[in-house]
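What follows is a pair of complexes built around chain A, which joins chain B in one and chain C in the other.
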Partner chain A sequence: MIQIIWFILLCIQLIIAKPFDEKLHLRPLPRNKLLSSFEFIIESLPFNLQYYNESISTNSQQINHYTYFPNTLGPIIENTNTRQLQLRFTQGWWDSKSWGKLPFNGKFSGGTGVEVVAIIEAPNVEIAQNNWSKLTKILSGFFCASFNFIDDDITTYPRYLTKENHTNYLPEKGNKLYLLRAALPSEPVCTENLTPFLKLLPTKGKAGISSLLDGHKVFDSLWHGMSIDITTECNNDTCQLKLHQTINQIVDIMRSIRKKEEGGIPKPTKGEKLRCDTNKTFNVWQCFPLGDPTEIEWSLETIYGRKIKGSPFEDDSEISKVSIDYEPSSWNVQMFRETDTSTISNTISNEHYHVDEYLTEQVDYNFKFSTDNSLNTLPIDTPPLYASRSLTGYSLDQGGLRVTFTNPLNTPVEFIYFESVPWFMRLYFHTLKLETKNETGKFIIENHSDYIKDRYYRPAVDRSRPSHMELYIEIPPNSSLSMSYEFDKSLLLYREYPPDANHGFDVEPAIITILDSNKSRCYEFRTTSLLLTLPTPDFSMPYNVIILTCTVLSLAFGTLFNLLTKKTVTDEEYEIEAQNTKFAKLKNKIKLIMQNIKSRK
Partner chain B sequence: MSKLAQVFLIGALIRFIIPSSIPSITTILSSTVELSTPINSFKSLLESFYYLNHDINLYDGGVNHNPPLLVSILSIIYNLPYSNILFNALYTVIDLFIAYRLILINRWYNNYQTRKLGEKKTGFNDDLIASFYLFNPLIVLANLSHSTTIFSWLFTIESIYQIISGNSPRGMIALSISSYLSYYPLYLLPSILSLSHILSKERNLSKSLVFGGCIFLMSLTLLLMVSVVITSSFQFIDHCYFTILCLKKITPNVGLWWYLFTEMFEFFTPFYLGMFNLYSFIFIIPITLRLFEFKQTPKLGDSFLAIILSYIWISFTKTYPTIGDLGLALSLIPIISSTVLKYCKMMYITGITLIISLLLSPIFYYCWIVLGNGNSNFFYSINLIWGAVQVMIMMDLVWGKLIMDYSIENNIKSNEIGKLNLAQI
Partner chain C sequence: MALAETVYRKINKLGIIPKLIHLLPKLSFIFAALSVAWLCYLPLDGNYRNVYISENALMPAQVTSYFRESEWNVVRGYREEFGKLENLSLNERNSMVESWLKDLNLQVSYHNNQTLYSIMHAPRGENTEAMALVVPWFNSDKEYNEGALSLALALIRYFNKMSIWSKNIILIFPENSGKVLRSWVEAYHTTLDETAGSIEAAIIMEYGKQGDYFNYYQMFYEGLNGQLPNLDLLNTANLISSHEGISKSIQGYKDNLMNFNTRLNTLFKGILKLSLTGLTNDLYGCEAFSGWQIQAFTIKAVGSAGHDVTQFGRIVDSTFRSVNNLLEKFHQSFFFYLMLSPKNFVSIGTYLPSAVLLAVSFALSSLSSILNNIKVEMIFDNLTFFLNIIAFVEIGCLIIAFTLPNTQFFEIGMSLLGVISLLPNFEFKNNQFSFALISISLFFISLLITALLIVHFSLAFIIGLLGFPLTFIPTLLKQRKVKIAKLISIISNPFFIIYIGSRYLEHPEIYSKLLTSWNDLQCWTWFIVMLGWFPSWILITISIIGYKEVDEIKKDI
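== the complex of A and B ==
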């Protein structure tokens, strides 16, 4: 009886659950910036998930449970026993002072470069590693990113992050879930990563909000981040895969307007278009420029060069949504529905700070924003913590790392600081220094445990493991903490340096995960990546070095060998002895013969 | 106050007052390439105390290359209040102790040579010998950098002292501690064994070799086993000894290895590693045999000189040398002033070369690493000269010994030795 009820409930759930959902969120920010975030959620059908074992070949072909879920990605996930996968492609610096909190509380925003995090089910860590390397190699081809360079020497096993239950999947008996993470900070994110991203969507970027996504426009932003998350969600015996994709970007509106009006190549502003400050010296020759205009008008087409091409599926309404956060007192938003023959425009109600519009029809949608004062935007949310990280020191053989955390709020903030640095930075943690600053002044902290509540540190192993540090830090209200420690830069081998002119080695961003009072994550962000220069040998010298070193060694050998083995005599004895050697006798003989020949003449 | 007491007092003050009043001097010197290597720097020792205090495995990666017993014993001091002052005091006491042992070795050497050669040999006074050690700038710098090689020196010198005072088992145990601490003193075993054989009443060579060797091996095994027990793994062997043998942490130093292996093609690295390791041992036994005091020629040979020569050879060929290693050799050389040193002819040139290379080495390193207006070849060229200096010292000592032996063999009066023109065939 209960089973039947369960089955009915499951069927109802299946009918209710939407396998595809998409949302575009727009929010004008101060200084003529726009935050736009695209969110796509795709679910597979529930299926019976089993641990995939290569040695036991399962002939029984599983029924295709993917439907909207990309058929290309499913087998990769299942064959490597990946239960959760996170990919982050980010570029740029998030200016939290002017833009506030990261979208989705930073849950889907990575640090500069690309990041992979996976939870892999395996009986032991070696198999997990094998699956991890298999997974990253496949993903490398799939997303046109350098994931194939992920190796043991950059892979870490985060500890505190695992404490939170990522997935409600329970591993099979004898198996464990391993969380692995790697980041490639020097990876450029570009169009070739966007194309496979769009291919994962059932609309393939042809309809719905994804039709706005054009590589030229997405990557022409102040900051942009792409994320792909696959999670396994289980309910009793069946599990389903959930794909969550986002693209977040900060668009410079003035730049978009200028590009639309003048094209991609910047030109000098014409005299009559110059905006001058008339309160200062102003004549034909002198002009003190004003800031950006505040009375502006733009639409989605200005920014993306396209309109939204109707709802994603004709038969399914209410799966595509555009939501806008704005200040109604000075902003006016209009929605246009355009067909080949007609254009219908209606102004979106002007009373709320937040509006949702569903894209239901097969028409081109466009949203037009006009404002008389673009400075008047919704107040930004202050992030719970600011952090900046930098390298100190000036020499090529040693340096230091300095991280400054600032708590702007009136409540203490707790967070986990995760940092993994490459093995060629030899960290010295005994040099860890903490310094705090608040209204009353600057203090050096002797007792580190007042601030660092818990710490985990795993030192690096040369060429095979990065160093991995997780600190649980608490910062009192309205104060800042700066943490610094030193490291040595190691000399690499001749073959380990990048081949041609390079600007240095990138160090991956540190992750800061803020915990709320229940010790669960409430906000997450990354510091910037760092650029490290290492001492370099002279690459033109290998033969010379080998030759010169061996010369000194052989000189030492030869001299000592002679001194130790030969007999000591006086010079006179030496002369006599020298005349009696075989060589000297031979020489004398030749001399005699030569004399004979000469005398015969 | 006697001169000797003055020397000791000033030597102690230099070592104690300077780092206590300017603590940063130790920090700076412990990351100076000429004085500290990743293997023996005080910085990495402090880091290993940090690991110990935070329950991090000392030998699972990281920067620690000191053997477990040394780290655990020194961590006791580290965990006391005013630990940096205590460390200054410890390093001062060790240096004074070494200086004291050198004085005793010097007295013995002169007595021994007088007895052996049948003519009065007077070397330098006690206070001079102490000054040569305590005021040797290389030794002072090495001491201020708090390099852990000093513990190895301590037991090496102690081993020599125990041998000459007739207690060869103790000497062997001291040598085994020294080898345990930094591997290379192991190569002193042949020459120290031969010295102990000559001084002992045991006339059977193989018996005394086996006896000494067994004590050495047993105490070394014991030390290693205790280390295995306290760390409950064999990882430390890889970190303490294979790192040294295989040059796993390549950093610039004054030796000849680092640049060659940085620039070496991957394919040849194992071959050159083998060759270089062979090379660093190759002259240890020949030197010992050549300078052995054989029964047939009791007046020839000098096993103490063999120890000094082996030591210089090690400091010339070791993977992670510091200038302190040569410094110790230079402080040992005054002991033989009454015998070999007076026949040495190149001291002036060697001295000048040594000073020049010491001055240029930090300058060239600074040009390469900080200013960027020089490159690694500048620093490397000084490494070559530094190597050549040690070769010159060795040549000079051996040649001096050969002249001396020739004069003894041929009964040449000391005033005529200067007129001798010797050659080798």
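== the complex of A and C ==
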């Protein structure tokens, strides 16, 4: 009886909590770009979470069923005592001036390459490190990414970032929560990372909005980011694992249309199709090109080459949603519901610049966007801060790093600047220079504390940990701040160079976390990564060195050996000795014979 | 070791060393002659090498460039509009280009409110590497660079359509390819806010007003201070143009006719050009990128019939596609080479002996000056005297080297320098001082050549050649031909030679540019001349003046 009640309760809870939820958000941007974000939320059944201890084998597998939560991921999380995990796969450069703020206020967008952040429960830091190492190595195979290269020399323990990262999970008595972070900026993100991503979904990319996700299309964007977040949420005794997955991308609509019409090869436009400015000279031979057309029409199929294959589950209606933000005065959006036999289209009406459509039926869904003026889009949200980071200098033994922050708003902005650079960049903090620029001109700042309110710095240790810097910076309205400092480049050991040593070494992007007036995070973004050139030897050189060294050694040995073994004589003694050698005697004999022959003649 | 002993004994027995010491002046001359002969020998078949692509990733001319057909209409369209801008001010021209670039969805930045540049960020790119396409408004002939400007706009429009880029493309419009471009490059690596990562390669386009067709292109690649772009980059562009059937010229010699003479001329013109880069008014823009590990070259369209303008664009397109393929920096091929033709080159190992021979020649002459005329102990006895005089001359030169470029009357100043040093009249107490001082100076030049020969072979070779008459002076003094020695000393005054040379080469500006090139372009030739060549000349001149002609003769009688 109790069991039945328990089961009913569980079912009710399941229905209320909606263990799976997915959403596709589309937003046309200026200049014929499109921001599309896929969001998936999956929750596990509540269970009794315990600290996993390898030595006690009895509590190994507590549960073996997570409902929609992927069964493959659960044990990894539990066995490493990971309470929170964030994975970021990002490629490209976010053009904040044209595209505005990052989706989800940057919460799910990483920097170039991949990033891992985990909160691990452990009694001490060594065990946390062990679990971290175990976790990254398992994830490496799981996500086809080089997480296995995550080592102590790139792992950091962020400080300021921790403040809001905590889940409501309370560690067991005697344990602590450790936040570890590592980034691999040179990791290319590609289809092999998308496949495991899709496998985590209960729909496996076969139905619902995830059916749009085709590697060829997702990765042919201007910028794309994938994120996987696992959090532990606890309520009294039971805990739940929550999986939050997103894919965000900026699509160049014109390129998608062109690819659909003309194929992937950028062949020259046919003469009659050229869009020319007729106010200027225009004839068969000459054409002053106009910009992109503004009267365009496209659908999800143009961009993804597919349609949405119905709702994810037949029995569950309101879990899949497409929401669109657009300017209704010049855009018209139609929803198509297609089956093998019929196509039903209806125009979506929009009064609030935002519509939500639920995918409820087992039909193919397609959304068609048409506009008479694609330049008229919803205004982009200006991000609270712009940042650009670059390397300065040219020499192979030292260099500099320069970051410029620009506050475009009328209010001061406060943020945390997190930067971790590899140990082979030896930073000189005393060379830190600040320069500010506003309408009145440029000024060098002597008193750094006017801008840098607080700082945390943990210097690097060669080959075992990176340098780690967190600065709390405040920038006054409408001004920019340039921060620069210098560093020395180290010479690596022969075996420490990667196979493509002449490519240079990637330095991970810096994280900028903007704080609002309550000191809580309101926006987050990354600078670009950097490519650092280190002094790289010619790798055939060691052989030259070996050959030269051997020659010199053998010469030295020969001389020494001669000195030790031979008798020292004067020149005169030598002359006499020389006449008595066998060779000299032979020479004399021949001479004698020759003389005899001559004299006979 | 036994062999070395035998040889040593034989040398001792036959008394070769004293004979050799006696012959040193002649040996020195022979070495110098051999040095020149070595270079002349290089263009002979079998001594040079054919160019080849060393970096496999480049894969030049492997892609079909679609910059053709209707793209030509676009080039024509832009050209007419650019034609209208010629007589406007820089700001008006820039704002027009800015509006056109914004139509292409590109953002525009300025350096010093004058140099416009625009970054095309690679889709999904890491934003860490870039390629630069430079189009000066006025090319090296001071001609309005109409063709190149319209090509650049059409090209960037075409590049923007493709999603294959892994490196950003920077488009730069400096007023000319001289100081303005150099200052942009410097600012890019120090103060600019809008950057696109490290620049791997740069192409400077020059295409004047010849319209739709051109005959062939000239390639310029010499950088400042003896720096050259990686040979792979030049080869890539040249191979691509060969596939297009376009001929090219290096140092004024086209690739369709090649023989010993053209190769020899290309070689020597190349040496001269490399040592004079930055000192003449001929600035092609590739110099501006020197020193920042950026491989750069300039291509300039010549003639007005033959190939069409889009072919010129295709060279740039296809070269960028090749560079885009690179995973590593340019490092496979040669950084030190001398071109004999667009298809032949000699590498550093082959031409270096020439400069080494020249350095040896000076060293032998220096030895001869000591061994044939004085006792070596004498130098050590008067060491303070020598050190004082050398330090005095060097410090004097150092002060002049740093102050003169910042004064306004440097041309007069330089002319006076030569004269003043001949004025003083004094005598050393002993003629041995003269020989010792000459020996030290000649040895100094020898060291200078040795130090320079790898980094800047051309300059080392030319200084060695022009300073060579100085090696005759000890012999002339010994033979009491002091007047001829004085004459040689006047003739081989660095500034006299530079003055005559600049007139002869029809580049009279060399004289003044020598001083300003450090401040404008960071070309250090002035310091080499002022701290290496000139002080040695002064020391030798002092020795000639201090030489007691009459006394010695009397003593001998």
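Assume the second predicted complex is superposed on the first by the 516 of 601 C-alpha atoms of A that agree within 3 Å, B and C clash if a C-alpha of one lies under 4 Å from a C-alpha of the other, contacts with A are read in each partner's own complex, and residues count from 1 in each chain.
In this text, a contact is a pair of C-beta atoms (placed from the backbone, for glycine too) under 8 Å apart; a residue touches a chain by one contact, two chains touch by 3 or more.
All values derive from a computational prediction rather than experimental measurement.
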item	value
Which of chain B and chain C A:559 touches, first, second, both or neither	both
Partner chain(s) touched by A:215 [first = chain B, second = chain C, both, neither]	neither
Partner chain(s) touched by A:569 [first = chain B, second = chain C, both, neither]	first
Partner chain in contact with A:476 - chain B first, chain C second, else both or neither	neither
Partner chain(s) touched by A:270 [first = chain B, second = chain C, both, neither]	second
Contacts of A:290 with chain B and chain C, given as first, second, both or neither	second
Partner chain in contact with A:548 - chain B first, chain C second, else both or neither	first
Partner chain in contact with A:494 - chain B first, chain C second, else both or neither	first
Chain B versus chain C as contact partner of A:394, first or second or both or neither	both
Overlap of chain C and chain B interfaces on chain A (superposed complexes)	394, 536, 559, 562, 571
Touching residues (chain side chain A, partner chain C) in the complex	31, 91-93, 95, 97-98, 112-113, 185-186, 219-224, 252, 255, 258, 265-271, 274, 276-277, 280-282, 284-292, 388, 390-394, 402, 404, 406, 480, 482, 500-504, 506, 528-531, 533, 536, 558-559, 562, 571
Residues on chain B engaged by chain A in the complex (per definition of touch)	31, 33, 38, 43-44, 46-47, 49-51, 54, 56, 60-63, 248-252, 256, 258-266, 279, 282-283, 286-287, 290, 316-317, 368-370, 372, 375-377, 380, 384, 387-388, 391, 394-395, 398-399, 402-403, 405-406, 420-425
Residue numbers on chain A that touch chain B, as the complex places them	394-398, 426-430, 455, 457-462, 465, 467, 488, 490-495, 535-538, 541-542, 545-546, 548-549, 552-553, 555-557, 559-564, 566-571, 573-574, 577-578
Chain A contact footprint on chain C (complex, rising order)	1, 9, 66-74, 76-78, 80-81, 103-105, 107, 121-129, 157-158, 161-163, 189-195, 197-198, 291-293, 327-329, 331
